[in-house]
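Each of the two complexes below includes subunit A, the first together with subunit B, the second together with subunit C.
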Partner chain A sequence: MAIRPGGELATRPLHFIWIADCSGSMSTDGKIQALNNAIREALPLMRSVADDNPNAEVLVRALRFSGGAEWHVKPTPIGEFKWTDLRAHGQTDLGYALNMVAEELRIPPMSERALPPVLVLISDGQPSDDYIGGLEALMHEPWGKKAVRIAIAIGEDADTDVLQQFIGHPDLKPLQANNPEALVRHIKWVSTAVLKSASSPASQAAGVPLLTHMPLPALPPASDPTLVDDVW
Partner chain B sequence: MTAPTRWRTLTASVCGAAHRRRGLPNQDAVRVTRCPDHAPLILALADGHGSAHCFRSRCGARLAVGVAHLARSQLHEPVGLSGVRRWAEEQLPRELVREWRRRVERHLAREPFTTDELDALDTAGRRTLAANPFVAYGTTLLMVIVAPAFILYLQLGDGDILTVAASGAIERPIAQDPRLIANETTSLCSPQAWDEMRVTFQALAGAPPGLILAATDGYANSFRDEAGFRQVAHDLWEMIRGGDWAGIERGLPDWLHEATEQGSGDDITVGLLAERTDAGPPDAAPRLERDTDPHERTAPTDAA
Partner chain C sequence: MHQLLPLGTTVQSASGHPCTVETFLGGGGQGEVYRANLVDRVLALKWYFPEQATPAQRNNLEVLIRKGPPSAPFLWPLELAAADDFPGFGYLMPLREPHYKGLVDLMKRRTEPTFRALATAGMQLAQAFLDLHTQGLCYRDISFGNVFFDPETGAIQVCDNDNVAIDRAVDSGVLGTPRFIAPEVVRGEAAPSTQTDLFSLSVLLFYLLHIHHPLEGRREAEIKCFDLPAMNRLYGDEPLFIFDPHDEGNRPVPGLHDNALAYWPLYPQSLRDLFTRAFTAGLHDPEERVRESEWRAALGQLRDTIRHCEHCGAENFHDVGRPADEPFACWHCDQGLAPPLRLRLGREQVVLNRDTELFPHHLDRLRRYDFGAPLASVQPHPQHPQIWGLNNRSATTWVITTAEGTTRDVEPGRSLTLAAGVKIRFGNLEGEIHR
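On to the complex of A and B.
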C-alpha cells in the first residue's frame, strides 16, 4: 500500500494549569500543606484518566502567586509530572498571575488545534493587586475565553465574588473547601471528572444560549459532611 | 474552459477512535451527487456535533448532506454567472437552513424526543431544547459545487477545504475562521445560521484546480500542524499526477483510521474531487463506510 499522505500525526494537547495562591495566609492552619497533599494524592487518578484517552496529550503546569507570580512547574506530560511542595508567604497578586497565564495562552505558543485548557484557581483570600486587569488580559485571549475555568475557595475568607468573576459563568460556582477533606474531594474532582470532560469534548454550537460552556459532570457529594468540622 | 464532466470523486468516512472507545457511532455524513448530464457535481460533508445536547446530530448531519443537493435544481436555471453568484451568496444559505429545519421538524414530528433522551439532559439542556429543538440535530456543513463555468465553495462551521492547482500550489478557498477553536463551531442549529455561512464563488477563466479536498475537522486536528495537513493535499496530488488514483482508493480508509487512532480521535470524513486527465467515464462515488441508523428514513445515496 502507498505511504500515508500528510505530515506527522499528533494527539491534541490539553493544557492543565494549577494557579495556586501562596500568600502568607495560606500558611495558617495547614492550608498550604493540605493543598500540597491533595494535589499529590490526585496525581495517580489524573494519570489514569489521561491513560484512558490516548488522543489527548495532557500537559500539566503550576503557577504560584503571592508577591508577584512564578511558574512552579513548567508544562510537563502527566506521566512525568511530579509535585514539589509549595510554600506560602507574602501578598495575593492574582492579577500578576492571570497576566502570566494570559501570555501562555496566546496563539502561539498555544496551538489552534489544542483541546480547551483547564485553569484551576485556588485561593483563600482577596487579591492585593489589579486582578481585574489580569482577568481582562486573560479574557482577551481566545483560549482564555474558551478555557474551562474552575475556582476553589479555601476557607470563609476567600473572596468568592472574585472567584466567580474568574469562572465567568453563572451556572458554575466556586467550590468551597473549609477543611482538608473537602479540598481533597474538590481537587480529585477537577483532576478526574473535569479532565475527562475536557480531554474528549464534543463540538458545541456557537451562539446557542447555555451551550457555549463545556458541560461538566456533577461534583460528588461529601461522604458524610457532618463528620468533618470546618477548620478554615 | 474545462468542462467538469470528467471529475473523479472519492469519499471515505471513519468512526473516531475516541468514539469507538466510548461506543459512539460515526456522526459525520458525506454525499456526492452527479446530475444526469454529469454537470454540476456536488460534494457535501457534515459533522454532527455529538455533544449530550445534540443527541440526534448523526441524523442532523445526514439531513444536511441531503439538503445540500437541493442546490442542483437551481443550477440548471439559465441565469448567467453573476446571477448564480448572487444566488449563492444571498439566497442559497437561507434556503439550505430553511430546508434543513423543515426536514428536522418532519423528523421530529415522526419521532418526538423520548423520555430517555430528555432525562439525560440537565435543566439547562432541557430549557435550551424547549426553546430551540434544532440543537438536538446540530451539525456543520461543507459543500463544493463544480459546474462547467464555476466552482462554488460553502462552509458553515469547522472543517477544511483545500485546492491544489496544476502547478502544485495549495490554497484554502475559504479562510479559516479564527473563532472556531476549542470545539466551538457555528452550526445549522445556530440562530440565523445563514449569516454564518461562508461562500466563495470562483468563475473558471482558466484551468480548474487539479484536486479539491474537503474534510471534517477531525482530519486536520490529527496533524501536528497546518503544514502536516497541507502535506496531505500535496501527497495526494503527487499520487494523482503519477497515475495512482487506484492507490488512493485502496488506501484512504486505512489512512483515515491511522489518523484518528494516532491523532484527534474524532470522526474523520474526506471527499476528493480530482480532474481526470484520461478519457474514461466519470467515476461513481463509492461510500466506504455506510451509516445504518434504522431510525433515519432519509438516508442519502451516493450518486443521484
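On to the complex of A and C.
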C-alpha cells in the first residue's frame, strides 16, 4: 500500500505584484487593452512555471493606479488567479500606489520568512503626484528593498528616469514596449523567467549579473525585429 | 508558448532524413523540446535558442553522439539536426515515456509511490551515474528537472544530457542548480566535476527519501529573505547537516521542516549513517563523499528491508542492526510488530513479504544488480492459502535442508514452505530462513 508520511516539500511564499498605470493616457491607442491581453496571455505560462517550482508558493496580486490607487486583485494563489480587465482614466498617482505597496510589504501583513517579492511596474507616462515620497516609503520597508523590481515602459512618453529610480539598479533598464507584441514578450518574460529566478534560479552559467540579489536571466530577443516600430 | 520552430516544420537530421516537428513538449534554459517524427520513429527534438547554439555546444554534442549512452536510462543525443529556414541547430533523442513522473511531482505529492519504488529509483539513479562516471563523463546538473521515474516500478530516465562532458575537460560554464550545487562550487572554489556530481546525487537521494533538503534546518528558518546571498551562506559558506551527530545547531524546526522529522527515524541506521557521512565529512572533503556504488548497495538493501505492517499494510523498514528483543511499532498505525521472516544470504538479509521476489541480484553472486526476470517469489499454497512458500522460478534445482536435517530437492516450478531454520542451496550460494 502506498502510504508514506509527511506532506509536500516545505515552501516559502513568493509575492508577485503587478503595479499597473491606468491613467487616461493608457486609454489611447489601445494600450490598456494590450496590457489586459498581454497579462492574460502570460497567465498560463506563469501557472506552469509555478507548477514546476516545488520551493515557492506563488501569490499574485495587482494594484491599479490613476487618481489614487486601489487593489485590483487581492493576493491570490497563482492556480486561482483570474484577470479582470483594467480600465483607464484620470491621473498618474504613482506615489500613492507605491505607498500602498509599501504598506503591504510591512511585517505584518507580510510574513517574516519569504522569497524576495517581485514588483512589476507598468507605466506610459509621468507621475502626477509625489512619487519620490512613495518610493522612499517602499524602500524604507525591508521587503521593499529586497524586492526584485522590474519596470515596463509603454510607448515613448513613459518617464524612463522615474522607472529607473524605481528599479534602483543602474545595470537593469526599464523594458521598452513600443507595440503590443513587445509588451506581450516583456510581460511573458517577467511572469516566467523572472518568477523562476526569484525563487530558485535555474541552472546558470557562471558570471550572470547579480541584480537585486537575484540573478536575472537574459531577456529573449525580439522574434521579429521589424515589429519593434512604434505602432501604438 | 514556443517560439523557435512552428509545428509542422521539417528539419534535417545529420543522417539526411527529414524530421517533422509535431508538438511542443517544453521549454528550458537552453532551448525548446518538441515531439518529432523521424521517418517512422517518434523522438524528441531539442532546438537551441540562438545564443545557446554555439560551436562549443555543437562540438560537445558530437562527442556525446559518438560515445553513445552510458546505459539505457539516459535519453542520450542520437544525432544533430539542422534546418535551412531556421537559425541554429538541435539534436534528436529518445522521447521520455509518458507515465514517467518528475521529481517535482514527487515533491508536490502529485504522485504517491511506495517506499519500494522510491528505493528502487534511488538505486537506479546511483547505477546510472555510476555508468556515466565510469565513462569518464560528468553530468554537472543533477537536479529535480532532469530526472524522471516510473512511480509503479521505480525505473528511471535521465534527460537533458547535452551538458554532459568529459570530466574536467571542458568548461561549459554550467554550475548546476541551486540547492544541488556542491559547497565548493557555490563558494566559487571549484568547477563542477564527478566529485561535485556525487554531492548533487546525495542531495537528490535525500530529497527522494525525505521530501526535504539535508541542509535546511534552523539556519534556514532564521533566514527572513531567502535570496541569493542567503542561499550562498546556507549551501556554500556555512553548510551544516540537519542531523549532524556532533553539531545540533541546524536541527529541523517542527512546523517548518516536518518531513525531515517524519522520515529520518524510519530508515535503517546504516542508511542514516551513509547520509550522515555524505553531509558531514563529505560536505567539506570531496574525497569523503559517498560513492555511487555505496548508494547503490545501500538502496538495494533498503528494498530488501521493507516489511509490511500486518495490521495496516504500511511499509516499514526492518533494521537488521536493531536488537531483536527491542520492541518495534508501525510508524503508521503504531501497533507492535514482531520481527519478520527473513532469508539470510551471506551478510545480507531479505525480508520475506507476501509479494517478495528474488532476483539474480540476490541469488547469483556473479549477477549483482541484475533485477531482470525474478528467480524466486513468495506465493501461497494453492490448496492451503494460509501456508506460504518460496516458488522456484529459476531453471536450476534448489536443495533444501529442513530444521530437522532432512534434505529435499526443489525443482523449477516447485515451492518450499517458508519456515524458520530451513536452509536453501541456490546454485552457488546458500541461504537460511530465520525470524
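Please note the rule applied: the second predicted complex is superposed on the first by the 206 of 232 C-alpha atoms of A that agree within 3 Å, B and C clash if a C-alpha of one lies under 4 Å from a C-alpha of the other, contacts with A are read in each partner's own complex, and residues count from 1 in each chain.
By our rule, contacts are C-beta pairs under 8 Å (C-beta built on N, C-alpha and C of every residue); 3 or more make two chains touch, one makes a residue touch a chain.
None of these values were measured; they are calculated from a predicted model.
**Q** With the two structures laid over each other on chain A, which partner does A:45 touch: subunit B (first), subunit C (second), both, or neither?
**A** A:45 sits against subunit C, while subunit B stays out of touch.
**Q** By the touch definition at the top of the document, which applies to A:82: first (subunit B), second (subunit C), both, or neither?
**A** So A:82 meets neither subunit B nor subunit C here.
**Q** Is A:146 touching the first partner subunit B, the second partner subunit C, both, or neither of them?
**A** Both: A:146 reaches subunit B and subunit C.
**Q** Figure out whether A:171 sits in contact with subunit B (first) or subunit C (second), or with both, or with neither.
**A** first
**Q** Give one of first, second, both or neither to describe whether A:6 is in contact with subunit B, with subunit C, with both, or with none.
**A** In the superposed model, A:6 contacts both subunit B and subunit C.
**Q** Looking at the overlay, what does A:112 touch: subunit B (first), subunit C (second), both, or neither?
**A** After superposing on A, A:112 lies in contact with both subunit B and subunit C.
**Q** Report, in rising order, the residues of subunit A that make contact with subunit B in one complex and with subunit C in the other.
**A** 1-10, 12, 52-55, 112-116, 142-143, 146, 200-207, 210, 214-215
**Q** Please output the residues of subunit A touching subunit B within their complex, sorted ascending.
**A** 1-12, 52-56, 111-116, 142-143, 146-147, 171, 200-212, 214-215
**Q** Can you check the complex and tell me which residues of subunit B touch subunit A?
**A** Touch residues, subunit B against subunit A: 17-18, 21-22, 47, 49-54, 122, 124-125, 127-128, 131-132, 135, 138, 140, 157-158, 176, 178-187, 189-192, 196, 220-225, 227-229, 231-232, 234-236, 239, 244, 247-248, 250-251, 254-255, 258-260, 262-266.
**Q** Considering only the defined contacts, which subunit C positions touch subunit A in the complex?
**A** 1, 3, 28-29, 49-51, 102, 104, 107-109, 112-115, 141, 143-145, 173-179, 207, 211-212, 216, 221, 223-229, 256-259, 262-263, 266, 308, 312-315, 331-332
**Q** For the complex, which residues does subunit A have touching subunit C?
**A** Of all residues in subunit A, those touching subunit C are 1-10, 12, 44-45, 51-55, 112-116, 142-143, 146, 200-207, 210, 213-215, 217-218, 220-221, 223.
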